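You will see two complexes here that share chain A, one where it goes with chain B and one where it goes with chain C.
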Partner chain A sequence: MLPYVFRRLVLMVPALLLLTVVVFVLIRVAPGNAAQLQLAESGAGSQQAIKELEHQWHLDRPIPVQYGLWLRDIAGGRFGRSLWTGSNTLGQVGRYLPVTVELAVLSVLLATLVGVPVGVAAAYRRGGLTDHGLRFASVVGLAVPGFWLGTMLIVLPSVWWGYAPPLVYTPLWKDVVENVKQMVLPSAVIAVYLAATTIRVTRSVVLDFLRSDFVRTARAKGLAGRTIAGRHVMRNAGVPVLTLIGAQFGILLGGVVVQEQVFALPGLGRLTLESIVHRDYTQVQLNVLVFALMVMLVNLLTDVAYAVFDPRIRYS
Partner chain B sequence: MHANSATRSQSGEEEKMGSSAVSQRRSRQREVSRRRFLTLGAVAGAGIVALPVVSAACGSAKKSATSASPTSTATGGTPSGTAQPRRGGTATVPTAGDPPHFDPQLTQAFYTQYVYTLVGSRLIAFSHGPNIKAEDNTLVPDVAAAMPEQPDKTTYVFKLRPGVKWQNLPPVSGRALTADDVKYTYERFIAKKNPSAYLLDMIDKVEVTAPDTVRFTLKFPYAPFLTNLAWQYSWIVAKEAVEQNGNLQRGPVVGTGPFMLKDYTKGSRYNYVRNPDYFVSGQPYLDGFVIAVIPDDSAEQSAFRSGQVDLYTTGLGPQPPKTLQSMQYATGVRDHPQMSLFQQGPQMRMDRPPFKDPRVRKAMRLLMNPQSFIETLGFGKGYWSGPVSPGMGQWSLSQDELKTLLKPDVQQAKQLLQEAGVANLSTTLTTTTGYGSVMLQAVQLYVEQARQAGVTLDVKTVDYATFIKTKSPAGGDYSMIYGTYTGFVDPDQQLYALYYSKSARNETHIDDPTLDAMIDKQRGEFDAQQRQKLVHDAQKYILANVNTILNPFDWDVHSFTQPWLENFWVANDYGWGAEHLWTTKG
Partner chain C sequence: MTAEHEPAGLQMVGETGVGREALAPAGARPSAAWQRTLRRWLGGVARFARREPAGAAGLVGLLAFAAMAASANVISPHDPLATGIPLQRFSATHPLGTDQLGRDMLSRIIWGARTAMLIGAIASAVSVLAGLVLGVLSGFVGGVFDLVFQRVVDAVTAFPVLLLALVVVALFGASLPVIVAAIALGSTPTVIRVIRSSTLALKEVTFVLAARSAGASQIRIMWRHIVPNVTSLTLVFGALGFAQAILAEAALGYLGLGVPPPTPDWGSMLSAGAINYMLQDPWVAVFPGVAISLAVLFVNLLGDALRDYLDPSLRGW
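Moving on to the complex of A and B:
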């Protein structure tokens, strides 16, 4: 297992390098840059002033040269300063990342805690009213846009009852209760989509296994239904469901960006969005790198977890 | 304007505005979140100047010098007659973003300026108060002992208020404010790295003539000098603080203002505590002040309705009556309406066909129906808008004049287009999502009005950064765009920035020597009435001959305050008049 994990970690390096090239080029070919944004509307935005700032930030050099300089700095552990704020980009990531991680973990937990049992229940009651109701609910969950649902959950209670979740962020380590009150709704909104997908996949997979020979055999042997479900069906269904949850992590990060904005959460998604708007190249590059690393690590963890659910899987 | 309105801008950077400025930023920010970004500030900030400038800048030295007493409330805010100020408590106001950094002289970002509305001081400031109209831009001394003496049209002598101390924070540690600090501040201000330098670049030299006296000499007579000096960018900074890290981007954040920055969490909140050494005795009344970062406008409204914040200001564009009603969620919520300084509309490049031809530009104005904008987008409420925003009060042409001068005439528009040989004009109209949904609706309305005159406008919507590049005088490339115009507070700021041939913001590439001369003349005219006439003449000239920038309409910005927040008044600079706010809560 360890050699496998090591190999996967090594393979991440060229993947990340390729990604950095793509991000580096894309953000630079987009019109406008940080120098223009800082100066263009200020009245001080003479061509000369903009050129001076571009020179200071090496933006006047060819993109491959800029990339080489950036790569050299990264290799030396120098992640650079934000072109927009002047802050250390790595420090910024350190401040914003915990919120995103917390939101992502809570969302996955909620989606799994709801999606898996409901999917199993729908499979066991296939064709019944419960099944139809749960399937309908999952379709609704897939169809409802997260930004709309989030906004409605903030606006309507405030109009009807003068209530809104805490909108001034409190870190987890400062006040757990206040933090959870703030995190529940955005996590739930993100979890709606994830849970809906999980319900559908779980139902489908469980149905497949319920019709399988080994389950029929187990029934013929007189095993209790609960034993069959837990020991035979769910353990086998775990792998595809786990695959789904791992694969959804990238989608989840997209939802996180939106909900951080709607619920005023200072997370990495919001920072990335603002950085893109300001053409803050150094910050965008690092943020995307961190996002990519997170997705790759989650996928690796998912693969490793397969072996836990299915003893037949062995990595060498 | 209300400081609030400035809350959300996508970039968080740029412009100099007042309430409308505020709202403009705010709508951008919304756009970001809704992509909404690209924008609170209660409108403590709003535009500026007018009479005060006139009365201050143009008035006699003796009169100016006696306009305020050193012992009065610094920015003129006086407790309302209905209640006595109460010490204690905290006020929370929302903004849509973080300061990019803490150096007020290296950015125009209003989020950075907000920090200094609480922490900093200026020589003179805009007054907040019950009997003060924001559009009058009434000026009062801040750390100056009085309004300056003006021996001649290019010399201003300020005497500092006695007993003003820096906050008791390193590296200044409570030392006295000196004239050297003022000299250092303004010499640094006009350095080329300050994007706001243009506001005061008419300063020739700053001299310390006594430990508490400083003399400004201008290169030429400039009537709005005091207005620009009082605006939200000219915070006094300490040399030691700047030298500690080379600049103030990473702090230390220290000033002589009513509050001290205690701590902050980026993306979340900035906590301030009362400065016990504030130079106005008894102020501030609040023990603390919190700026809460809430990027989404819907969330900010909800935060207000649920009592989490004490102030909410509407953003970039008119709000539906239902939304305004919903903000009056409890008895005692107060609405502080203020005419927006923000403007939006199409602009055309004067140096390129087809808009090189003045007949075509005039046609593009004649086919525009401002009343239709007011009815459709303003829900029946709004103002006709000329080259100078109606929010600037006396400097703007009257509504009656505007209705006459801007009267739509589609038939004449068609005729002019025909005469210019572009009867079936078709061109690209570039706009951005960065200024909010109201502007995009306005774009559609204008496109439809153009269609009725036989003009086809192909709308190209781009993100904010692309839009900035597109319209930039330094290498931008467009034929026609639809954008926003920041909330200037003095007509010179607007006329010079947008219509002067040598302006760094000459986005329409205008080159009209007659208009240049008219703009030059008004900025050197110190007699208020005479200057008003010159400003009006310049606007009429623009509407008759230039028409590079069209402004269909304007609207009111609303600042709502909670029942427990007292003594809030709108003004045309950033901030909330925080030093004279108090709360009955808690």
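Moving on to the complex of A and C:
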């Protein structure tokens, strides 16, 4: 297992390098640069000043050289300062990341808590009205755009009861209740898509197990239906569902980014979008790296968990 | 990577239709060949409808949306850009009311279908075609090319699809080609992966080995033996990708990164800037969302049914 994990970690490096190269080039090729935008803001945008700033930030060097410099800094643990706010980029990530992580974790929890039991119920009642209803609900859940659902969840309570969600974000460590009140709606919206997929996968997996030999044997032994459901079906269904959630993590993060916009939450997606608008090269580059690392590590974790929970799976 | 389900994809695709052709009247003129083809197609569609009623419903719904998009200039009751009295409720002249600038909602929804269908169709076609070509090549050629290319795929998939689209559009400005490219860029790697793993499996199948020993060229094997056998998979991904593309395009529009205003677009009709008007009149927010959901729902129903119909081994996913 350890050599496998190590090899996977090694394989991450070229992928990350490629991704950073692409982003590095794209953001510099795109019209408008950090120096121009910075000075246009302060109104001191003389050609001379722009040139000086560009020189200071090495923007006058060829892109490969700039990349080399950046790589050297990153390797040395120097993530640099934001070109827009001047604050430490790593510090910024530290400030904005918790919201993103909390949203992701909460929505996975919600989706699993709802999706797995509902999927099992649908499988047990296959062909019945409940099954058809639940399947239809999950297809609808996949079709409804998250940003619309989020918008409606802000608009309708406000119109009906005059309720507006708090505008200022409260961190988890300041006030748990206040924080969860803010996070629960966006997480629920993100969870809809994930729960819909979870329901579908759980249902089909459980159906497979219900037809399997070992469940038939268990039934023939005279085990109670509940025991079979708990010991034989649910325990085995965990693995595919886990894989699904791991595989959907990228989509999940996309949903998180959108909901950060809808509910005006200071998360990493919001920071990234703002940084792109300001052509804040250093911040965008670091954020991209953080997002990619998150996805890759979650994928790796999923695969490892896969092998741990299911001893039949061995990675060579 | 995550253990991907190996798509079977091994059965020959489609019906040969030999039986039906044999049933055609013996004296049929050669010029009626297209009629037989048409009948075969219709027979295929009818069989699909019988076996997958939900998919047929999706197909009908999708065709309705497509027709709406194609004939937007004919059927829309008003000019979608003409302004008037804002935030009107339903009336005979404005069946769905008007938006914050007094533009007719129904007309904007109808014209919005054109934007959504166009971008969705082009983006999914691009990603499926690119995925097919690159996936088959990567799986078939193998070697260093495959190794390097798969790292590129890893790199792109390591980034949330929607965020990738956001980055690209935010950098290069919202125009049709940029939006299409941004959406296709994010969705292609998944197609490449699946087609590649399917190709790897096909490479070792007897009829491919037979073709190789008979001296068929690499290109001929790819074109005549591999590609036809991954077509069903491609079709399924095309349908599911279409739904994803509509959703992505709407999300971009919502974030102010969709097709530039005033072009009617479902996503931008819901954009954050309109929230104050939505608070005054929630109906402004209801209809575009319903339109997006319905369109995606129909396409998904069709895609699911196609998958079950063409490749039963994937049923339920």
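Definition applied: the second predicted complex is superposed on the first by the 298 of 316 C-alpha atoms of A that agree within 3 Å, B and C clash if a C-alpha of one lies under 4 Å from a C-alpha of the other, contacts with A are read in each partner's own complex, and residues count from 1 in each chain.
By our rule, a contact is a pair of C-beta atoms (placed from the backbone, for glycine too) under 8 Å apart; a residue touches a chain by one contact, two chains touch by 3 or more.
Please read all numbers here as calculations on a predicted model, not as lab measurements.
Look at A:171: by the touch rule set out above, it reaches chain B but stays clear of chain C. Once chain A of one complex is fitted onto chain A of the other, the partner contacts of A:27 are limited to chain C, with no touch recorded for chain B.
Using the contact criterion defined above for the overlaid structures, shared-chain residue A:232 touches neither chain B nor chain C, since it reaches no partner. Of the two partner chains, chain B is the only one touched by A:162; chain C is not. In the superposed pair of complexes, A:292 makes contact with chain C only, with no contact to chain B.
Of the two partner chains placed by superposition, only chain C is touched by A:15; chain B is not.
In the overlay built on the shared chain, the residue A:262 is in contact with chain B and with chain C.
Legend: residue contacts after superposition of the two complexes on their common chain; A:246 is shown touching chain C, with no touch to chain B. In the three-chain superposition model, chain A touches both chain B and chain C at residues 30-31, 147, 151, 154-155, 158-159, 261-262, 273, 277. Within the complex, the chain A residues that touch chain C are 11, 14-16, 18-19, 22-23, 26-27, 30-31, 139-140, 142-149, 151-152, 154-156, 158-159, 200-201, 203-204, 207, 243, 246-247, 250-251, 253-255, 257-258, 261-262, 269, 272-273, 276-277, 284, 288, 291-292, 295-296, 299, 302-303, 306, 313.
Of all residues in chain C, only 1-3, 151-152, 154-163, 166-168, 170-173, 243, 247, 250-251, 254-255, 267, 270, 272, 275, 278-279, 282, 285-286, 288-289, 292-294, 296-297, 300-301, 304, 315-317 touch chain A in the complex they form.
Chain B makes touch with chain A in their complex at residues 10-15, 32-34, 36-38, 92, 97-98, 100-101, 107-108, 192, 194-199, 249-250, 265-269, 290, 292-296, 298-303, 305-309, 326, 329-330, 434, 462-475, 486, 497, 503-505. Against chain B, in their complex, chain A makes its touches with residues 30-33, 36-47, 49-50, 84-87, 92, 95-96, 99, 147, 151, 154-155, 157-159, 162-164, 166-171, 261-267, 270-271, 273-274, 277-279.
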